[in-house]
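Note that subunit A is present in both complexes that follow, paired respectively with subunit B and with subunit C.
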Partner chain A sequence: MDRFIVLPLLIPLTTAILAMIAPGRVPRRWVVRTALTLNLAAALWIFATILRDNTVLVTNAGAWPAPYGITLAVDELSALMLTITAVLALGVGIFGDITIDITRERFGFLPILNFMLMGINLAFITGDIFNLYVAFEVMLTGSFGLLVLGDRDNQIKGGIKYMIINLMSSTIFLLAIGLTYGVLGTLNMAHLAERAADVESPGILTILAAMYLVGFSIKAAAVPFFFWLPASYHTPPAAVTAIFGGILTKVGIYGMLRVHVFIFPNEMQHLQWLWLLMAGATMLVGVTGALYQREIRRVFSFLIISHVGYIMMGIGFDSRVGLAAAIFYMAHHMIVKTALFMMAGILEGIHKAKDLHRMGGTVNRAPVLSVLFFIAAMALSGIPPLSGFFAKFALLSAAFSAEQYILGGISLIVSLLTIIAVYRVWHEGFWKPAVDHILDPFIEEIVLERLDNVQRRLIVAPSVVLVGLAIGMGLFANASYELADRIAGQLLDRTRYVDAVLGDYQEEFEAENTLPPTFQVGRE
Partner chain B sequence: MRENIFTSFTTRLMVSFLFMLSLYLLLRGHNYPGGGFIGGLVGASGVVSLYISRAASNGAVTRNSPRIRPGSNFWGYLMFIGITMVLLSGMWGLLFGNAYLDAWWYTSIIPGIGKIGTPFFFDVGVYLTVVAVIISITRVLANVKNPDDIYEETGE
Partner chain C sequence: MNFVLALTVGVLFGVSTYFLLKRSVVKLLLGVLMLSYGTELLIFMMGDLSERNMPILELGEEPFADPIPQALILTAIVIGFGFTAFTLMLAYRFYFDLRTEDLDQMVEETEVHG
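Moving on, here comes the complex of A and B:
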């Protein structure tokens, strides 16, 4: 049954094709909704199988054996990411097909969304580092399409920054892959992990790890490579921002986990100072930007950066506790941030404004939305019974057990500032009395008047589910943390993954020294 | 603007060779350099050179530009057929074989083409998709409906 792990790739691709030729708006919506549900079912099936059998599912495309063919492998981390992505994609799919305007839909919002989803799923499934690059490119192409769809001036402006910086990141990533092949003679992740473990860190691997770090931190929007994110994320419609804010930066984080934790674990000790410095700076810069901004989606864009810093900090401690905390935090952040962006879109639709100063009085007009937003905002800032508190608590305890008191202190200060930034959004957007304002003529808001009652409920429903998940992660924090810890243990252990991918190959070639000549020269 | 007679004559000579070369590359692709992507690129370059030779010198698409039927989405459907072929050619391996895209070959050899199997349909699918994508992009980039519009916009 292992070969069916390609389903998370095939379902979005098929959907994209069907959505391209669907005969009208309503059939297209239902095709996409059905397919995203199927995608979620497939992801849940993969996750359940892996948790039950305690195994790694492997398939080789075209049945070419492991280090030569392209391996697709799903371990616990991949399965978790696949599942969360599937949940978010379903939510944003429903939210998006209702709220997107007719022009954008006619120019292919839903097909592009599904192509991007295919790229994201491929990034999580693949067991080959060059294939990871391909996945990043598919994702980047799709996301660029979504970003500029609609052809507004500010979208193009943001899109160009996004495109150029992300292409630079891809170039660095590709260079690093080429050098990796030159040094280690393979691109299969399991094979790389096996060979890299044998090397007595001759320096070249440190350089490789640093190059990967630059490549991934551009994708993840870490300081000093974060400029593209606040420049572009507030320009497209809310549905696009929601899926971008929830998933895209986290694919960069996934790359870090795969490459730095899984393949080059020994390099972390050389890069740790740089890593932690970047994490601290990212946290501080993100939250400071969020405090300064006045547009609701810009505030949350900057908060993404700040939370990427938290996750990087957890990875940077180079310990199992830190890693588990980082994975927990990542899951929490993906869920809550997507919900917040969707609700921010609805809020902009209610007030016909982007600027927080022009909002207010939402508590009376939309009480359900207000309560949901409040819970999600409190989860984001880390108030006790919710997921954010436990995620931050885990990170903080990891920081103190790693004796990184300065970074722990910074994370506490940033938490406090996050509460201020989020409270400001809550107060300005919801709590304060309604203000009369001139309607912003250029805003791309959701036209709520055009929706009937069912549709109005449907666009809030995804946020309800996601907020429910955030509450659940808080109430069952122990179980969630244990799951994160198990994933971290599996990622650090890496023998199970390697055995599952390379099983036959290892036995066959164990006697020979299979390292290529360049590698041996490099070692001496 | 008038057509350039040298360009259009050379193109007309060249295009048939380009198409034959692209089919040759497509068919030899499985074990030798070539295949759907490269073949598709060569084939598309033939169509693109037809566009260039028949377009006015400012790059606008004119009445002489090759087209299927004004307003039809032919290349879009070709893309659809291509991707669908790619998807389906792997399905056999997924359902009855060892892995997605696992090859399944028809045992006897067909003269002129050689062994036929699912990888052949995969290659053809890629070929069609590449041709359709390149030509769609060219059409979008070259699509200036009325050359006079350019002069009005630039004020020349």
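Moving on, here comes the complex of A and C:
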């Protein structure tokens, strides 16, 4: 049964090919919608199996035994990320295939979306660190395609910044992988975790961990590597921004969880001051940028950065409480942010404007959308009883139990500033009276007039579901937090993952009464 | 031999940093290329340079060279090749739009507020 964990790779791959050869717009849409539903079903099934059996699902590509071949392994964290990604992909898939313009769809919006989804899923499934690099590259290739698809001037300019910075981050990541192989002599994550634990923290592992930190924090858009994100995320259509804002930076966070928490747990004590400094600066810089911006999607782009800071802060406490809070926060953030970006797209379509000053009066024109947006915005800024409140509460109690009072204070201030930024969007976009305005010259909005009634309901439906999830996470906060705590516990307890991946290998060496060949780290 | 290779990697990284700080799109591309070449050479060195046999079991002659770094480099080269093609296309498109390769001319079109 374990080999079914390749389904989240096979389904998007097949879909992408089918979507390329599909005859016409309507069949293509239905192929992709069906496939994304299947992908969600597969992810839920994997998650349910893991939670029920309390196990790690492992399969080895080409039946090469670990640690020699490429291992695919799914534990609780991977399964959670797979499931959230599948939910978001289905929502954005439906939102995207309706709202995207015909040119972009003809030039392959849906196939590229599925290729990118395959890369993201591979990043979560793989148990081999070089394979994680390959997954990042597959994901990046897809995201480059989506970012410049449509060929508008702003997209090309944003695309160059996005591309160069992300290529550099991948190269640094690859450099770190090469050095890791030189030092520890393996690439399998479980094997790495085992060997890194034996090495009593010599300087070389700290340098490696720092290199991974640079690579991943460029991907996650943490200060001081965040400039590419606000320069590019507002240029493509709303559907693309929604999937980017929800998932891509969080794949970088997932890399941190895998490498810094799982493989190099001992290095966190050396990097902690740097880590927490980056987290605090990321929170502050992100929210300050959001306060300054006037375009709705730019505001939310900066708020992504701010929330990456929160998640990094939770990881940086180097405790189970902090980790659980970070995982809870990440899940909440992915769901709410995607919903907000989709609704921002619809809002731009209603007003034919990007600038908040040119919007207004939406409460009367689109009451359902306004209520949804209000709930999502309140969830983002952390008002009880929604998911954001409990996520921030968990992080704050982790900060105080780690005796990081300054950082806890900063997170409270940032929380307050987030409310101001989000309230500004709500007031300007929805609450104030409608304003007459000249049309934005460079806007490329969703043309709502072309949609029939069913389609108009369908593009709001994903936001309804996601906002429902955010409310659910708040109402059942105890159960959600317990799940996050369980995931954090499993991530910190390496033995189960290591045994599941390397069980046969260890038995083989124990049977011959010899120890696995350990690698001597280059130290006198 | 290790020293010469290490020096080459260092020079490649230095040159790539210099290029990455330039304003021209083409030099930016060259910088990224140099960076990936340096990285690939460094992974090559991780395979412990020495005279060994090919990693083919049927030859049966020990010791073998480590095949993993070779596989890693090959993968990295293929990925890098694809990205280079894509970046070249972007750079061409950039030049086509602006008739310049100077990144400082890249001013984002923002509307006139008011």
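Just so we're on the same page, the second predicted complex is superposed on the first by the 512 of 524 C-alpha atoms of A that agree within 3 Å, B and C clash if a C-alpha of one lies under 4 Å from a C-alpha of the other, contacts with A are read in each partner's own complex, and residues count from 1 in each chain.
Throughout what follows, contacts are C-beta pairs under 8 Å (C-beta built on N, C-alpha and C of every residue); 3 or more make two chains touch, one makes a residue touch a chain.
No experiment lies behind these values; they were computed from the predicted model shown.
S.K.: Using the superposition on chain A described above, determine whether A:Y181 touches subunit B (first), subunit C (second), both, or neither.
M.R.: After superposition on chain A, A:Y181 lies in contact with subunit C alone.
S.K.: After the superposition on A, what does A:V214 contact: first (subunit B), second (subunit C), both or neither?
M.R.: neither
S.K.: Is A:T59 in contact with subunit B, with subunit C, with both, or with neither (first, second, both, neither)?
M.R.: first
S.K.: Among the partners subunit B and subunit C, which is in contact with a greater number of residues of subunit A?
M.R.: Comparing touch counts on subunit A for subunit B and subunit C gives C.
S.K.: Have a look at where A:L291 lands relative to subunit B and subunit C in the superposition and call it first, second, both or neither.
M.R.: Neither partner.
S.K.: Does the superposition put A:L44 against subunit B (first), subunit C (second), both, or neither?
M.R.: neither
S.K.: Which partner does A:V464 contact after superposing on A: first (subunit B), second (subunit C), both, neither?
M.R.: It touches nothing on subunit B or subunit C.
S.K.: Pick one for A:M168: touches subunit B only (first), subunit C only (second), both, or neither.
M.R.: second
S.K.: Given the touch rule stated above, what does A:V6 touch, subunit B (first), subunit C (second), both, or neither?
M.R.: first
S.K.: Which of the residues in subunit A come into contact with subunit C in the complex?
M.R.: 130, 134, 137, 141, 144, 148, 151, 153-154, 156-160, 163-164, 167-168, 171, 174-175, 177-179, 181-182, 187, 231, 294, 355, 357, 440-442
S.K.: Which stretch or stretches of subunit A touch subunit B in the complex?
M.R.: 3-4, 6, 10, 13-14, 17, 20-21, 59-63
S.K.: Can you list the residues on subunit C that touch subunit A in the complex?
M.R.: 20, 25, 28, 32, 35-36, 39, 42-43, 45-46, 68-69, 72, 75-76, 79, 82-83, 86-87, 90-91, 93-94, 97, 103, 106, 108-109, 111, 113
S.K.: For subunit B, which residues are in contact with subunit A within the complex?
M.R.: Subunit B reaches subunit A through residues 76-77, 80, 83-84, 87, 93-94, 97-103.
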